[in-house]
Structures are given as C-alpha cells and as structure tokens.
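Just so it is clear, A, B, C, D and E label the chains in written order, and each chain counts residues from 1 on its own.
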Amino acid sequence: MTSFLQATLYGLLQGGLLGLIAVGFSLVWGVMNIVNLAHGAFVVLGAYVGWQVNDWIGLDPFLGMFVAAAVLFGLGYALQRWLINLVVNGPVFITLLLTFGLDLMIVQAMNIAFSADYRSIPTSYAGDSLHLGGIRVPLGRLLAFGVSVVVTLALVALVNRTRTGLSIMATGMDRAAARLMGIRARHVYALTFGIAAGLAGMAGTMIGTVGTFNPAAASGYTLLSFVIAVLGGLGNMYGALIGGLVIGLVEAWAGQYLPGTWINALAFLVLVVVLIVRPSGLVGRAYYAARLEV
Amino acid sequence: MLLLLAALGLQSQLYSGQERTVTAIFMFVALAQAWNLLGGYAGYASFGQVVFFGIGGYFTAVAMTHWHLSFWTCLVLGGVVAALFGALIGMPLLRLRGHYFAIATLGVAEGIREVVTNLPGLTGGGAGITLPTVGDQATTAYLGNDGFYLLFLALAALAVLVSGLVAGSRAGYALRAIHQDEQAAAAMGVNTTRIKVLTFALSGLITGLVGATYAFQQVTIFPERLFDVDITVLMVVMVVIGGSGTVLGPLVGAVILQFLSEYLRQNYTSYHIFLLGAIIIVAVVLLPQGAVNYLRDARRTGEYSLLANVRRYRL
Amino acid sequence: MTATPVLRTEHLSRRFGGLNAVSDVSLSIPEGETVGVIGPNGAGKSTLINLVTGHLKPSSGRVLIDGRDLTGARPWVITHAGVARTFQIVKPFRGMTVRENVAIGILYGPHGVRRMSHAREQATRVLEETNLADLAERAPGELSVADARRLEFAKALALRPRLLLLDEVMAGLRHREIESSLELIRTLKTRGITIVVVEHVMRAILAVSDRVVVLHHGKVLTEGRPRDVLSDPQVVEAYLGHRYAQRRTGGS
Amino acid sequence: MMLEVRKLSAGYGRVQVLWDIDLSVGEREIVALVGPNGAGKTTLLRTLSGVIRMRGGTAEFRGRSLGDRSIEQIVDLGIAHVPEGRRLFAGLTVRANLLLGGWRTKNTDLDRVIELFPPLEPRLEQVAGSLSGGEQQMCAIARGLMSQPELMMIDELSLGLAPLIVDEILARLPDIAAAGTSVLLVEQDVDAALSVAERAYVLETGQVTLSGKAGVLLADKRIQESYLGIA
Amino acid sequence: ACGSKGEAPSGGSGTGDTLAIGASLSLTGALAREGKLTQEGYQLCQDKVNAQGGVPVGGKKLKLAIEYQDDTSKPDTAAQLVDQFNDKGVKLILASYGSANTEAQAAVIERNGQVMVDSAGADNKIFSKGYKRTFAVLSPATEYASSIVKSIAELAQPKPKSVVFLSADDGFSKTVTEGGMKTAQEQGFTVMSPQYFKSGTSDVSSSLIKVKGQRPDVIIGSVHLVEGIAIVKQAKELGVVPAGGFGETVAPPTPDFAKTLGAQAENVLGSSQWTPSTKGEDKYFGNAQQYTSDIRAKFGHDAEYHDAEASAACLALTLAAESAGSTSPDKVRDALAALDTASFFGKIKFDPTGQNVYKPMSVIQIQKGKAVTVWPKDAAEASFIWPGTAS
C-alpha cells in the first residue's frame, strides 16, 4: 500500500515536471502551429544557464531558473523575430525543418561549449525529502512541481485574461487578419516563441536540480514534449500539465504492476488510445475545425 | 529512367565504401518517397513512419533466424506485413486530423519499439538480433556491398515509380483534394477513408521493403536503430527540403541532404553537425517552398529572384 | 403525387447546444422541380443542406433520396446517390488548377470516369458551360469572387447530379453575372435536374423557383408559389423588410 | 479630402490589375465603389490597407502617405478594412472577435455594434467559425466598427445578408458617417449603394470609368443598363 | 568488391613512413562523451609512439597516423566507416565506443579482411560469433558486476545476505546483470529478481520503490553513468537504504559521478577496466601512474578507464605491427593472436575468441570524493569501507 502511495506521489511530482517541460512546446505548436524541434535543446540550454550561474556566483537554482528564463526568452524572441518569421507563411512543415536545423546547431554548440559531460546543479536540500508516514516527499521535486503548477496557471491567465493573450490567440489563428486589427504580428509571434523558450529554460533548470543533463538529452525532451502536449491537447494551456501528470502517473503505476520495461510501451498505448477516444486530446480544443462548413 | 542508368553506370566507378554511401542515399530516396505518398500528397504527416521500417526489418530478422526462411521470401512478406499493419492502424488513426494523427503514429512507433525490446525470446530485445549470414545457418548468401547497392537502387526506383504513378492517377487527384479540404473532397464523391488507408498501406509497404533490406544489410539490428525517430524526421526533412507533394521533391531532397551530411561528416569531423544545421537553415530561408516547388513557381511566374521568394513567405 | 420524390425529409431536426438550427422540417421535392429556400440569416438553410448531404448528422428525423433512407450516410455515399451541393463559403482545392478542381468530381462522382484523358475532356466541357474555360489553368486563389462562385457551381455540375443543392451561388455577383447563372440554372431545369436554390437575391429566386420555402428559426414558416410567398406579410416582416416590399410594388 | 488617391496602380505577380486610379473620400462622407466582377475593387481596398504594395501613384490619408506604411501602421492611422471573405478568427468567440476589432483603440464597449446587429447578441459566446454565413458577415462588419475608425472600407457589405438586415445597415450608415467614420463602400446592390452614398466611382477592368454624385449616376443610362438591369 | 571496380590504392596500410590506422568514433550523439575520451586515448597513444620516432616495422620506423571519423553514435554509420577506411586502403582499425557500434563493425571487418582492436565493446556476444579479426583489450561484460560481487564476498564484514540487481535494458547491461547474478548465486547470496529500466533514463524511481519493500542488503546497478547517478539520487529521495551498500559497475569510476552526487556518492562501489594503480608497464606509456599524469598534462582531467582502454587498444595494435614486422592485415592479425605483453593497462594476451584472457577487473570505491581501488587486494590503494551506507 505504502509503495502504491509512494509511486502515486512520485508519479504526480514527476508528471508536474514533465508538464513544465512540455508547456512551452504546446503553446508554440497549438497556437502558432510551429513544431519546434529545438525545444529540447532550449530545455537543456536552460539547464546549462542555471548551472553556469550557480557555478559562477553560487546562485540557487530556484532563483537561477529566472535567469535561465530571461536568457532563453531573449534567444527565443530573437530567433522568431529575425529567423522563423521569414518562413512562417511557407508550407506547413517548413518551420519544422527550420527548427530541425536550429536543433542541430544548438546541440552541437553546447557539445563544444560545455562538453558532453553529465552535469547537475548542486543544492543542499533538493535531495532531502519530507516523511509523511511511510512515504517520502522529495523536496526538490516538490518545489519543481510547485513551479510548474504556478507557471501553468500564470500562462492560462496570460492567454485567457489579458490583451496580450488575446492578440497571441488572434495572431495564431489568422496573421493577416490580426494585422488588420492593428496587432503587430511579427512582435506577437516573437513574444509567444520567447515565452515558450523561457518556460523551457525554467524547466531545464529544474531538471538540472533534481536530475542530470547533457547535450545529448535534448532530443529526448523534444520527443517527450510532443507526446505530452498532444496527449493533453493542443491550444489549451492546461493541456501540457494534464498530459504530464497522466504520463507521470501511468508510468509510476505501471512500474509497480508491470514487469520489465513494458512501462514505456504502456505510456504510448495510453497516448494512442486517448487520441482514438478523444481525437483532440484530453482537454484539447481544435480551433480550425470549429465548423468545417458554412 | 536516365537517373537509373546513370546510377547503374556509377557503381563500377565506386570503391565499396563510397558504394555504401551511395547505397544509403538510395535507401533514403525510397523512404522519403514513401513518406511523401501520404504526408506530401494528402498532408497526413506520419511521425511514426519508421514503424514500418522496423516491422519490415524485424520480421525479416525473426523469420530468417527462427523460421529459416530465405531473405527473398522475408523481403516480400516483410513488406506485406508492414502494409497490413499500416491498414490496421490506419483505420482508427486516419480519422485524426493534422497534429493528432502525426503524434498518434509516433506513439505507435515508439510503442512497437518497446514491444520489440520486451520480447527478447523472439527479437533478442535490446541486445539486438543477428541474422544468419554465415555457415549452415545462412538461408541466403549475404549480398555484399554490390548486391545491396543494386537492391536499394531497385527499391528507390520502385518508390519513385509508384510516386509518379500515384501523382498522375485518380488517387493522386483525390489525395491532393483531401490535402486541401477533406469535407469538399468527400462532397465530390471521394471515399476519403478508403483512399487514405490504402495510401498509408502502400507507403507502409515500401517502407517495410526498405526496412527488410536494411536489416539484412546490417546483419545485427537493434530496436533503438530500427525504430529510431531520427529516421522519420529525416524522411520529413528530405521531403520538405526537396518539395513535398511532388515526385521529384523527395528524390532531390534525399540526395542533397544525404550527400551533404556525408560530405560534411568526412571533411569536418568535429563540427559537421553544426555546419549541416546552418546550411539547412539557409536553404529553408531561401527556398521555403522546397527546391522543386521553387523552380516550378519560378518557371510559371518568371520570378527567379530569391529575395522576392523570401519576401513571399515572410511574415 | 405518385412518383417517389427525389428528396424527402421527414421531421428533420438538428440542435446545436440549446439552439434548434433546424427543427421538424418535412419537405418533399419531386423530380424536376426547382425549389427556392429563403429565410433570415441563421434560419437554418445551410444546416438543412448539410443534413441532406451528410455533412452534419441529424438530431432526429430522416432523409430519403429517391425513397432510399440515407439519413446520416457519409457525404461521398450521398454524392454517389446523385446529389451535388455547393458551399456557401467557397471551398476550392487551392493547390490545384481550376480544371483539376472540376476533374475530381468527374473522376469520383456517381459516374466515376476512370480514364484521365476522358476526365480532362469532360472537365473542359463543364468549364465551357460555366464559362470558366479561359481560366482553366488558373489557381483558385487568383479568382475574383464571381469566378470563385462559378467554380463552385462547376464542381457541382461535374458530378452530373440528379439533385443539385445551391447555397448562395449568386451572392456577391453583379447583375450580368446573375443573369448568366440564371441562364445556366434554366438549362439545367430543362434537363430535368431537380434543384434547390438557397439565395438572398430575390430576383434570382423569382426567376427560377417553381416553389419557395421560407425557413425561420429552423422551422418552415410558409411555402408556396414565389409571388404569393414574397408578398406574404409574415415573410416581409421577418425577412424581406418593407423597403423591399415597396420596391416590388413600386418598380417593375 | 481625407483620403486622396492619385494615379494608383497595383497588381499580383506579373499581372497588373489597377491602372492610374484617382479617388478621394472626404470627412464624414459615404463613397460607393461599384463595378463588375473582377474589376479590381477588392484589389484597390487591399492596396489601400497595405495588404498588397502599390506599383505606382500615391495614396495619402490626412496628408500621410500610405505607400510606405505597413498594414499595422495604416490601421493605426484610423483606417479599418472589412476584407472580402470576412477573415474572422474562426476559433475565437464572437465576443473575442469584436474585442479584437477594438484592440487598437482599447474599445471594449460591445453594445453599440450589438444594437446595430441584434442577431449577434445570442451568439456572443459562440465560436465565430460556426456562425451562419450572414451572421459571419455581420460579425465582420461589427468588428470593423469596433475600432471607431476614421475611415472604414467595407468589401461587399450585403454579401449573404438577408434583405431586411441590409436595409437596416444601409439605413444606419449615414449616422455612422455623421459620428465621424467615413465609409468607402464596395457593394454589388448598386441601387442600394447609390441610394445611401453621396458620391460613387465606377471601376471597370481596373480603371475608373465614371464618377460623381450618387444621384447623378443613378440616373445615368449606362449605369441603369449594366448595373440595375433596367432596359 | 567485384573486380570490375577500381582497386583501392596500395593494398598495404599506410604509405612511405607512416602507419595508417582508421578510427570511427562517436563524437556526436548519445555516446559523444565516451567517444571523446576514446579519441583522447588514441591521440595520446599516437603522440607517445611518434615521440619515440614511431613503430619499428621491418627495419624502418613508421609514424602512427590515426584518421578519425564521426559515426554519430549509430551502428550502421560505424560499419559504413569501416568500409570507407577499407577503400582508402586502411586495413588496421581501432574500434568505436560501445558494444552496438563495435558489433556492427566487427562483421564488416571480418568481411573485408581488416583487423580491429576493440577498446570498449565489452558485450560477450561480439566474441561468440567466431570472428577471427577482432581483438578486445578489455574484460567482457560478464565481469563488470561479478567483480563487485566477488569483492563484497571477499572483503565485506559483516557479509551481506541478499543482493538485488537494477539493470538498464540494453544488450550490454543485460549481459552484465546475468554475469553478476550468476556469480552472486555461486557466492551464496540470496539474489532477488532483477529490475530492468529503459537504458539512458534518468528516472528509476519505480524500480527503487519496488525493491524498497524487499530490503536487500546490497543494490547493484548494471548501468551507464546517467542511470547510475539516478539510482543513488532517487534512492536518497525515496529513502531506499540497503544495509550493506551500493555497487554501480562503470558509473563511479567516472569523475562526473562523484562530482554530480557529492556526499551521496561516498562509499559507492564500482568496477573499472583500469585504475591508476593497475600493475605493469610498457615502453611507450610507462606505468599507470605515468599514464595518469600524461593524460592530465595533455587533456587537463584525471585519466578515466575509457582513456586507458583506448590507449591500450592502440598500443596492442602498434606492438602487433612491430612484432609482425609488417603492416599487412593478415600478418598483424596473427601477431595480435600471438601477442603476450605487459602494459600500463595490465597484461595483454588474447584468447582464440579475441578476448583479453589476463584482464582482471578492478573494483573501486568512492572515498572522500575520489575513486580509489579496493580490489583486487594486490592493487588496493585503500581499505574496503563496509557497510557503505553507514553515515
């Protein structure tokens, strides 16, 4: 029983972190319809930023993550504004191709700059854990979980409650029309992409604190984001968090009751089944297919 | 056709290593073409296309090792099995739209890889499986570099041919119509489900054949590689770079990208990936619609300037 | 009426959340008749067409085509039963030329032509009928509203239907273009094709309809001979407005 | 004059569509732009709102040149464009669409436009993409009005609208103009258009062939034959 | 290759006074880290040999000329590269990193009649295929975990009773686990059912939660660095504390292990192909201590066993060429088969399957943040601390 509770709790915490990893990806894909293959690279880069500032001035990662967020925001904004915007009116998967190139460059650049060694951001407390009866609550992961929940809520508020959010949605749906409303589409796109990158950066720092990372990990995080974003449902800012939690729990539970590595198979089975039952994800909302015909 | 002859002529000029490089190009030509059938023409991007590759490969490996079938039998069966699998998952998955279809297929691919990894008895699991190519175990003599060169060349030719036929046929029209507007296509009497599933199976067939051949060429295969999502990504990248929804696009894309990455890898060992990324980015910015489409548009409008091209697609 | 009607709807209804877009609509359209369907915006005209052509599933009620129950059948099945429709918001296949747009219907329609060459010839013929011939190789995106509407019309004709549902094919057209469209419809009538015309252009409705049905809040408000219906005070009140009524009494 | 267009020419790719267009719109004025299909009306509006760049000539709004301004900058001058094909934000609610109309001027007061288009009221929370054709048209026009522009260019005002609604809108245009929004109106119901407009331009195959006071044109033989179907 | 095609330049390896050697390495991709170290090892070997004027082969001294290619951590590319070397007439090959790559290469080597010395492909499968042209300087996978088990059985006081294996699911790690479990049973431990997780994962929590209930005295991970770190980190998070301690095969010897885990790494056992206290010396590298300082001097970090393996492989090839007095692949192959020499890496002598017979594995333990050899006794630098989790 305790081991079930322990697994459940751990799965939840893990899931929260997964959600944070994917939320930016989901935003960019669901709203801007850009599949950002460099997302994983952003995550890892964020981890390095967090690690670097910790290494230099011993900044605590839970502060460092804001530095990472800022740096990645800047990078993301610039990339979208002066590079990706150049091709957004091209065919569907052109941005995928572009970000594929970006991913190659960033990952290799990190390889050269930081070497392929495994890193992790040391803290005095992240490894400790609180005791609740028989089960342990790892402190670092608990904090990370908190961060990802807060971030998700903040993002929801931004998108659904603010003018900026409205302009983001509108631009994502019809760039030309948005411009006719006086919205600076180029800027809004860059802003959106920047926010996504910033969140990736935060997630990266979290990962660096509770786990380890190196450049090779990037592609893994991209793949993960893919699955989580879609499982949760695109275009809904809660989607990533929910998708993350589901994956986290499924894997934790499967880990207890399935032999060997069938866990991984199960996670994907869940994904496929969910999609067949709910064609636009758990809480997803497909704008474009609002009404296919008038 | 000319290309085919050229490729045949080329062979005698190559050392076996270069020969292998060119063989790899053929392999990706076939793969890219297969992906383009559904992803390019109908706009249903399968991000799990590699699953057919893996199924074709593992079927061959298992059948040759455990059931002692000849490679040629396995090749055909491997393709067929992949096609059937395509039809099977196509039924439910092809109801999904755009992104969701893409990821559902990705999920299937990753899932099947895990299944393969978890059946060590049959597939050797993560430790990989080695096809019988030496001694009395061998059911078919190993083809050697020359053999595989020809076989992959044949597959590439087949893929291009199929793609060409589809493009000009009723099916081609229907797929393009579906790409533009599935509702309207149905209103024009197109049984969209049927054509999508059949096309998916067809592209599965080709991919499966390639996978089977690849497995035999590699002798020892591992799930990580046979279901490697990178292979799918490469297919997409090649199609897009060449020009999706065209017959020549995937061909051009595969040749350019494969040749380029090979060249860079050999000459800039320590930072070739970086260069490759940079070159891709430049190419994308200059020719967002893909090389082949750019030329077609340019010929139609007489507007060859790349700057104008950039202006057309930027926000 | 002895012969089985080409189109028959029985208590057809469709709800969207709380809204009854179409409720309890029973129509019967015999072979060769041309029926005009009018009604305020949001009355349910397009929804009705979507229900008949299988683009929407009815909440209740039945759709019979030539007496065959095709309620909720998939769109392509209904197309193969000889029904063609146009979309109010034009849906051309952007990646393809005007000719190819038309060819699709010829290849996959009820008379499914298999030879590409034949398909192309027939496409050309349809394009001439709809005088789009000189735009055959253009991309739909380059057409002006009128041409785009005509293309929509042509795509439907390519199916050589027995029942043709036209959803505002004349919206946005000028006097001249409307005249030519009406000409086309008249020739179709002479071929015995059954036609349903949804329009807000009364001149068109009057010109071709044998019978006019008025929808209002999803229900049939009234139906009958065009002139009677258009002068029905209910209709004027709910739909036409008095300025129109005055113009009719005043002008012509 | 508020809007001054001189010798404007424009087109797509290699095809030129507009030739030496001269046109002007005054303060609080309603100007109609009529002409056969494919004449170039939409193209003209697109050029003025910066969607396509002009090939030659000048266009000035309150003395500021439109030629070298981006779409957003032109909108900021106070020019609203209700485009052909409506271009609603299909996935957003009607309310959101209207709010976006008022985005630039931070205008969030929906009542004014709702009162002009009562059928929209019950649909405010519905996704715009699921509206009926006519409802979408209303939403598009309402969205354009939300920014309380100084010049509003409407392409195909009556497209898909029931006669009753058309009358109501046309009847309201003078008030809108009086309230400080000049209107450049593209409309196929020439009769209706000329009955509300003060002046009108006739555009045929990319050139202005007739222009003048609406009343005068209404009486013009050529107009009556080719646009009103009065023989 | 069929006769029709242009014959590859100069059958023999190298032209004039250089000895051309081909090395395909995983410089990018998942194995980039180990790939880099392997390259260092080869590089140092080349420098050392050439510093002495090169290899004396048939009367004249040949300078080593190692050509590196990146196989991007993919077996098929690694294999393809071997073919490419073959075209250039490069017949002497130094293997890539990892069992999968090496295995793929070995097949091609055999076909092309080249010769390869394997520096890091430890999976026994490679040597069960009857290949005659691949030689491995390192101990086979089966040794990785068993050595730890043996050291515990021999040195641990009180002697633990139960042991559980947590293993990655790749071929190599599985072989490691099987070997370890076999030894454990022989040594009379109660061996619990092993837990497998995805290779390369950084979340092994479910495996840990499962074994927590069983209260094993010893937890041994058949892992790479990532999973190794994850086990210790998450064990702490989850309060999984075996009475005896942790063993982690190849993770602890890697400096990153202690660096990343800090205090948590203390007393974790690991197995290493080589340690600075390994006995033996050779004319190029001297002994293990010298080797360490050379690596530090050249690359600015402590020598890892990946460096050493690579250098040793290169050394073996060089010595073979010398004793063969020729660069022809066949002669060098025979010379390798006959090779029996001491080196900074320990004794090198290959059995008929191509494995290094003498090669023992050392067991190290993290003490005060450094990896020190604790087993075998004769090479021990420090005494075995047990239980490892008391603190």
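We adopt the following convention: contacts are C-beta pairs under 8 Å (C-beta built on N, C-alpha and C of every residue); 3 or more make two chains touch, one makes a residue touch a chain.
Keep in mind it's a predicted model, so treat the numbers as computed, not measured.
Engineer: Under the document's definition of touching, what chains do subunit A and subunit C have as common neighbours?
Structural biologist: Intersection of subunit A and subunit C contact lists gives B, D.
Engineer: Of the chain pairs A-D and A-B, which one is connected by the greater count of C-beta contacts?
Structural biologist: A-B is joined by more C-beta pairs in contact.
Engineer: Quick one: report the Å distance separating subunit A from subunit E, using the average Cα coordinate of each chain.
Structural biologist: For subunit A versus subunit E, the centre distance works out to 36 Å.
Engineer: Where the CA atoms of subunit B average out and where those of subunit D average out, how many Å apart are those spots?
Structural biologist: 50
Engineer: So the centre of each chain is just the mean of its C-alpha atoms; given that, what is the distance between subunit D and subunit E in Å?
Structural biologist: 76
Engineer: Mind pulling the residue numbers of subunit E that touch at least two other chains?
Structural biologist: 28, 169
Engineer: Two or more other chains touching the same residue: where does that happen in subunit B?
Structural biologist: Touching at least two other chains: 117, 183, 273.
Engineer: So which stretches of subunit A touch two or more other chains?
Structural biologist: Residues 108, 185, 260-261, 264, 292-294 of subunit A touch two or more partner chains.
Engineer: Please name which positions on subunit E make contact with subunit A in the complex.
Structural biologist: Residues in contact with subunit A: 28-30, 32-33, 35-36, 169, 196-198, 200, 202-203, 205-207, 209-210, 212-213, 225-226, 229-230, 233-234, 236-239, 256, 260, 262, 264.
Engineer: Using the touch definition up top, name the residues of subunit D that touch subunit A in the complex.
Structural biologist: Listed in rising order, the residues of subunit D that touch subunit A are 49, 51, 70-72, 75-76, 80-81, 83, 87-92, 96, 99-101, 103-104, 106, 127-133, 136, 143, 147.
Engineer: So in the complex, which bits of subunit B are touching subunit C?
Structural biologist: 168-170, 173-174, 176-177, 179-181, 183-192, 245
Engineer: Under the stated contact criterion, what part of subunit B meets subunit E in this complex?
Structural biologist: So the residues of subunit B touching subunit E come out as 11-21, 24, 117, 124-128, 130, 134, 142, 144-146, 214, 218-220, 222, 224-225, 265-266, 269-270, 272-273.
Engineer: For the complex, give me every residue of subunit A touching subunit B.
Structural biologist: 29, 35, 37, 83, 85-94, 96-98, 100-105, 107-109, 112, 175, 185-186, 189, 219, 223, 226-227, 230, 234, 260-262, 264-265, 268-269, 271-272, 275-276, 279-281, 284, 286, 289, 292-293
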